[in-house]
Amino acid sequence: MRILFFAHLKDITRCAEMNLPGGDLDADGLWQKLIEAHPRLDQFRTSVRLAKNSEYVRRDARFTDTDEVALIPPVSGG
Amino acid sequence: MKIEIRLTDIPIAEHLSAPASGVGAGAWVEFRGMVRGEENGGVIAALEYEAYSPMAETEIRRIITELTSGQSCLFVRVIHRVGIVPVGEAAICVGIAARHRAEAFGLLTEFMNRLKRDVPIWKCRALTADELAELKTQ
Amino acid sequence: MKIEIRLTDIPIAEHLSAPASGVGAGAWVEFRGMVRGEENGGVIAALEYEAYSPMAETEIRRIITELTSGQSCLFVRVIHRVGIVPVGEAAICVGIAARHRAEAFGLLTEFMNRLKRDVPIWKCRALTADELAELKTQ
Amino acid sequence: MRILFFAHLKDITRCAEMNLPGGDLDADGLWQKLIEAHPRLDQFRTSVRLAKNSEYVRRDARFTDTDEVALIPPVSGG
């Protein structure tokens, strides 16, 4: 699946997006893979919301290879 | 109700027309949020905004639709800058036409609260005058 | 803080400049209250407004001064039409510049409540299309 | 003193202003003289506020010959 990073998360991961192969995951499984790829993401886990295909996900969301997943750190628009 | 949403990297026009919302509109309110000359106590010359574009627009539309359900708002326009926005320029412009002012004021206040909580747009960098000048010469 | 108050019998310009309130203003909000096509359930073409002019201006200034005391509002402009105002035109325009949007929104809401309670301006007559047409031929 | 009428009060009194000689009056005394001059004003007394020289008056205000007094029916601007 395609993973997008924004704002300071791009500095942490040093990329704006990455591809994460993984099949069918729940949020915990997804975070585990993300932290494996970028260990420093761990400290942002509690403040980051996940979006799937341009929508915030619910707790029970599942993520598959065709999804576009975005890590949304606290926003500051306006 | 008509909704108009735009993310743009060029300056927001100083004078936007109120929509031709007909004889039913009793209230038109426009808000501009401008970049101020200081951020976290330091003097700045500009802010850089970043957006997750498709989701930001989807989310803005979703919030407006939710907030106006059962209301008589007639028109909402939201324009948000992305990229570098110099001090004094508008980062956001929200225009609302409604039958009555209370609906327009309420929607404006609540929409801005929700935008600042949920819409994936970030102030990703504050630029000093030197940094801004350097960017312009590139 | 700068306060600008005007009662006028000519249409309020569609595009008024926000004041050059410098880099401190983070919020600019403008409200226009328009004459709607109905009044008390009937179809109308215009409203006639009457003001007790010197007192209306004094009272507007007094209310603004009271509401902004201890606040960081930078600029307030109030323009109110008097005389015949056709449907679709603004009867009132209020513009506010402040450091933060919460102050601007709060002042706008509270000012309009106070204006509608205390400022000696009256909708003294509703005109039908025929009455408005007749006035124009005089 | 000069008395000003606005909105529907002008229709009641059939004038926009009048001169009311009277010396030094309190609000009750002023209303008494106003109602003597225009009996139909009586029914508006509870809804009308008095202003003196462009300011709403307090309960204990006094009115003299040099004052400009306005009868302010419920306002409806904006």
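First chain written, first letter: the chains are A, B, C and D, and each begins at residue 1.
We adopt the following convention: a contact is a pair of C-beta atoms (placed from the backbone, for glycine too) under 8 Å apart; a residue touches a chain by one contact, two chains touch by 3 or more.
Bear in mind the structure is a predicted one, so any value in this text is a computation, not a measurement.
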Chain A and chain B: spacing of chain centres that average the CA atoms, whole Å: 26
Geometric centre distance via CA averages, chain D-chain A, whole Å: 71
Rounded Å distance between chain B and chain C, as computed from the means of their C-alpha atoms: 24
For chain B, residues contacting two or more additional chains: 33, 112
Where chain A touches two or more other chains at once, by residue number: none
Contact graph of the chains (line, ring, star, complete, other): line
Each pair of chains that touches, named by its two labels: A-B, B-C, C-D
For the chain C and chain D complex, residues of the former touching the latter: 33, 49-52, 54-56, 58-59, 80, 91-92, 112, 115-124
Residues of chain D defined as touching chain C within the complex: 4, 6-8, 51, 54-56, 70, 72-73, 75-78
Of chain C, residues touching chain B in the complex: 14-15, 17-18, 22-38, 87-88, 90, 99, 101, 104-105, 108-109, 112
